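Got some structures for you, see below.
In what comes next, subunit A is part of two complexes: it sits with subunit B in the first one and with subunit C in the second one.
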Partner chain A sequence: MTAVSQRALVTGTQAVWRRWLRRHGWTFGVWLLFLGLVAYYSTLIPSFGSFQVASIVNNGTPIVFLAVAQAVIVIAGGIDLGVGGLLVLTSVTAARLMEGQSFEVTLVIAVFVLFAAALLNAGIGWIITVSNVPDIVITLGSLYVFQGIALSVLPNPGGGTSEGFRWMFTGSVRGIGSNPWPAAVMITIVVLVAAWWMGKTRSGLSLYAVGSDATAAYLSGIRAARVKIISYAVGGGFAALAGLANTAIAGRGNATTFGGNLTLNSVAAIVLGGVALTGGIGSLIAVIPAGLILFFLSPILTAMGVDPSGAQIIQGVLIVLVMMVTGLIEWRRQRRS
Partner chain B sequence: MTEPSPSLLAADGIAKRYGPVVALRSADLTVGVGEIHALLGANGAGKSTLVKILSAVIPSDSGTIAVHGQRAALRKPADSMAAGIATVFQDPALIPDLSLAQNLRISRLDKDDVLPWLERMNLGHIDFELQVSDVPLAVLRLLDLARALARDPQLLMLDEITAALTTDQAEYVFDVMREWRDRGRSVLFISHRLGEVLDLCDQATILRNGTDVAHLALEGVDEAELVTAMLGEQLVEELVEAVASPTATSPSAPTVTSEAGQPVVLAARDVHLRDKVNGVSFELRRGEILGLTALEGQGQDELFQLLSGDHRPSAGELLVNGERLHARSPYDAIKKGLVLVPADRQSALLPQRSVRENLSTPLYNRASRWFSLADDEKARVDRAVARLDIDVRAGSQVQRLSGGNQQKVTIGRWLAAGFDTLLCFDPTRGIDIQTKSQIYDLLKEVAAEGAAVFLYTSELREIPLVCDRVLVMYAGRIVHEQAAATATEEMLLTAAHDLDEASA
Partner chain C sequence: MSADATSATDVDPGVEPPATRVRAGRYLATHPHLVLVAVLIVLILMTGVIESNYLSINGLRNSALFAVPIGVLAAGQTILMLTGGIDLSAAMIATGAAYVAANQSPKGAVFAIVAGLVVGLIAGAANGVGVGIFRVNPLIMTLAMGAILLGLFTSWAQTIFSGSTRMGDFIRTLGGGSFWGKSVPWAVVVWAVLAVFVVSMLRRSGFGRNLYALGDNAVATRLSGTRPWQVLIVVYTLAGLFAAIAGLLLGGRVGAVDLQLAGAFLLPSVAAAVIGGTSIFGGIGTYTGTILGALILGVLQSMLTFLGAGQSVQQILYGSIVIGLSWLYTRIAATQ
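Coming up: the complex of A and B.
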């Protein structure tokens, strides 16, 4: 008996492979699915080229960042319905402040909006920890509050931004073009840094710890309340990044967009990206293609000749299927052990 | 002993209550420098609560803690660690979804900090990239210990660390404990295995009902003395009097023989569940009250989950009236007449609904009863209320009833629904003595009417009062069986510790 358990602790080649598959298999699979879909799309569209790629990457940027925001919070054991509202609020605030300003000034404004949003959402996290009211209730409230503030900041669609700022997110001073690189590079760098922080540092790992087993984390000397507030702050920062991307793409702000739909998209994206809604499991790297797929699904289906309502049905079925696959994998693993 | 030796830790008058339940009344504990100190007591004496308070996992209601003579305010686990206390808790404090290396990182430790200790425990080759949920429980305990040692604490607290370990693994732990003492540090050791305690420990503090009742130097003390100290001299006369009601007429010995001819209603044949239940067999006959007792965590919880249809055995079989039980959920077990009164009353009841509604819930199982009950069923609910002597006036919400009355409702549900076999898991925990005796009477009545009762209890003194026969469980096995009438607390406690005298 002892011999068996000793052997199980030393890892053979096969076990290393299986472990890699278990830890990164989902990430790998979602990337593969994304690239497969792009390849399939290119056969559907005769004129497929850099314009289509740029369109996917650039217009997918807000949903990717919003999904990362949601992922950080869900991994730490929470859920934030307010991220969509925060996206709208930061987008219209930036549009209003940036109108007619030079590139340098818009950069300063962007940094200000980023930190203000992080602070604001940290406050939401703080309210959750002191009130002991479930995350889903408090953030449902914050969704409407953010949306309301956004409407008072910018009652009618408008505002503006600098050309340089538009280039940063779209590779074009007019917000439309064939250059996917600035957005791709920004997503890569920002998400890689965030993923490194969450996977390799003590403060980042604390998020996984609290989401995985709050009691064990507490016994290990982790302060769960602080970790929760940090997760909401980081999530707020990413929601602001999504909002800024939105402003850069549209060149203006629009507070009549309802943030709740965006929130639901972010939840759908993290589910597809393999983040467990129960917390503690998930990779930010997998959230990138998941967000892009979600954005990209309706153009594909349109190209295939499916009408828009059909696209929504397929999106819904896809999310349920993904959840069922996750459950099946977990069930098989438990049966094996 | 009166000479003031330098004390490392002095806890004074520690008290803690959870609502109406008193976990610690007033406990004193003094651990000297360079000693292995045992903290002993029966189930529910307050050992784990005291450890959690000293680790600052839960706050105490009153009392003071001093470390090296300095009063320490321990508010969060980090304070306790900073004061030089490291704890290995009963449940592993490792994050299941992270790798071992990641777990060390969140504890601000490095592989190299724990490796020397792991090598001592024959775990030097362990792969730190393993995910915690894939590592066997015993190894996790040792990892937890290595992690605690790496913090280089003045006081190492070990709560039931050996319970999950094999003999050779336990030896590693003992070596480490002795070395810790030789370094002039101290260990607080909690174990149900009294042999280990006598081998290792220098001093002992014994808790009973939340109070420290004895402080002993362990040299020259034997196991029997420890058992006596844990149980106390307190007599059970009041209890005997309360229970000696006219309904309990026939002495136990003849009852056993009269049941021998009755059909077996529930039988377990070499039943296993993972590594928790390791080959349990027994037979329960009509009209019999079969007792079961064990120390905490010996597989009794899992055995009751099996019997109530919550899990299926991984090996072996359960027979109900001679037919194999294929339960996918408790629903299937209940259909076969096998009903459970669980340990946690709150989870068994609908706390915000009335007594009557709670009593009728099992009757709503049939689709034809979704809207209203038949008249005879209403009458059955009425009879159950009358029989249980529940005060229905305060019963608009079950959560407002006292614990004892709530327990009566959990039993009463099945009286209204009807059953063949009643499984009771520690039904009298935290209940006043009068209600206890009513519950005893009730169990005897249902048995006299032809039902079978399987009763797990952590209160040993209940067994001769209620049961016909008693089983004792240890490490997932039945290690002892005897007629309940002749069972004394000493015999049962000795058997529950799996000491040799029991089987001899």
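Coming up: the complex of A and C.
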């Protein structure tokens, strides 16, 4: 009781600040960490300019979108090992269909791929809800299925895309340049819309409800199975965006990339972004810098003079440390309440 | 519930399934492994139809050899899944153990094997400390451990382990050799010994019961006097050891090692445990089921090879079988 009355004595502005920090502290922290890393990186290398910024933003786009895909599904209480496979599948499908086409046609193909991927992953979500088999098992299967289909779509690396389409994701018709704006604007708009949908609308909030307790959500009138399928569909759409970005950056498709590793990266990114793997907790806004940090860590460490294998070790240790910190915060919060 | 109520009030003998079918369904629900055995036999026969030479000791031996690394890795996955965990670093532990063993082979077989197993023990214990003491999510802990090991061995391959990458003769015999007129592979014997150990540990020992209890209800287990962190450290160390054994057998079969040695076996090892009916949420599962799962995957590999199926068809079929079998298994178990 004393603790409560003490807290009530805190003046108005202080209380608002505290609540804001408690709610958005992690998001704020990850953004701060990202900006700090960029600032540090700029002191490390001799010439830091728009080319370096563009390189981080453009090449980080696929992992950011894939992490958002994973975040939407994990917040709704699932986990999707297949998103990496879906990235590869959409990337090679787009590359094969877009080869030699005009910009307008490639846009139509992109929209088609986006919806096809959403529908395909919704089917996976449907299988999970109908079969009652754990998400991780079904999506382990879908990872292989997507990868296999991708290999049959494009057995050898190849395909192509239009110059305009490459510009949309990279700010350059050749896929490499010093213009970060198209990718930055696209990430911002798409993720903000998704975050608004999840945080402010009835259908989006039901994802959080189902993720934190599916039974309670069902009993309070939410169709839990349908919400789960929706989360997989939205996740599929974001995985397709990641795949399209991949095609635009490389200018071709490559089905021999193993999607499993990409999936594991997306899981690491959302954990860094503060999304709880148990579901119901997390913000898409924090996933953007988390994905970028994960991508950005190896150039920083290279600039610091660490060799790539050392960078890998440090990355792994950092992920574990972040998890220990979250565990500690959670433990303190539980003890206090 | 409503279905029960209606069938109780207006009894319609025409709708009721025949008694023998009910009994058969109930029997299957209590013995779900029979379904796996049936699937295994059907797969073997189908492969025999596709390639008549397959139904020989030589053909079956190839399937068994393919199943061994999956089955041994899946032993680790099974005991971890019982506690609600998983090991995504298993393939990298296996690779690392094989790499060290190959490197130390010039110093003698015993030293090489022990060195390889120590790699598994250390990496597994580190996983256990992370999960058991620091409460890091097992998925993330082992994922990060895999990355760390890959980094370590990539740099060590240039420095302290820059020597031989060829396995010693003894380990090569153990991994790929056979006895009794080349009919029974030594690797299968190693697997069988390990299987007896794991099955009896899970069924007969207090430690085995602790694993089931921890996966079923961690809080209740702690309140009844078990220290979960101790159990977790032991079980992750054990899983690391199994992964190292799998790596030695695989490295012995291939003959030479590189850092991609066991990577392709990680997800199949999870799949084998899952197909065998082990719940990924903990508390439910047996190693017998996992063995059947590994054998099914081994036979499937032979079948796809004989079919001359391309990589793409293999992966699609593989994924479909994981989905289909786990679905079937859940349905049968749910009728219990």
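Heads up, the rule we're going with is that the second predicted complex is superposed on the first by the 322 of 337 C-alpha atoms of A that agree within 3 Å, B and C clash if a C-alpha of one lies under 4 Å from a C-alpha of the other, contacts with A are read in each partner's own complex, and residues count from 1 in each chain.
Note that a contact is a pair of C-beta atoms (placed from the backbone, for glycine too) under 8 Å apart; a residue touches a chain by one contact, two chains touch by 3 or more.
Here the structure is a predicted model, which means the values were calculated and not measured.
With both structures placed on the common chain, the touch criterion links A:188 to neither subunit B nor subunit C.
In the overlay built on the shared chain, the residue A:134 is in contact with subunit C alone; subunit B does not reach it.
In the superposition on chain A, A:315 makes contact with subunit C only, not with subunit B. When subunit B and subunit C are set side by side, the one touching more residues of subunit A is C. Looking at the shared chain after the overlay, A:102 reaches neither subunit B nor subunit C. When the two structures are aligned on the shared chain, A:145 is found in touch with subunit C, with no touch to subunit B. Once the two complexes are laid over each other on the shared chain, residue contacts for A:156 go to neither subunit B nor subunit C.
Once the two complexes are overlaid on the shared chain, A:217 sits against subunit B while remaining clear of subunit C.
Remark: subunit A residues 1-2, 5-6, 8-11, 19, 201-202, 205-206, 208-209, 211-213, 215-223, 280-281, 337 touch subunit B in the complex. Interface residues of subunit B, counted against subunit A in their complex, comprise 55, 57, 76-78, 81, 87, 89, 91-98, 102-103, 105-108, 122-123, 125-127, 129-131, 134-136, 138-139, 166, 168-169. Those residues of subunit C whose C-beta lies close enough to touch subunit A in the complex are 88, 130, 134-137, 139-141, 143-148, 150-152, 154-155, 266-267, 270-271, 274, 279-281, 310-323, 326-327, 330-331, 334. Residue ranges of subunit A in contact with subunit C, taken from their complex: 127, 131-134, 136-138, 140-152, 155, 260, 264, 267-268, 271, 277, 307-317, 319-320, 323-324, 327, 331.
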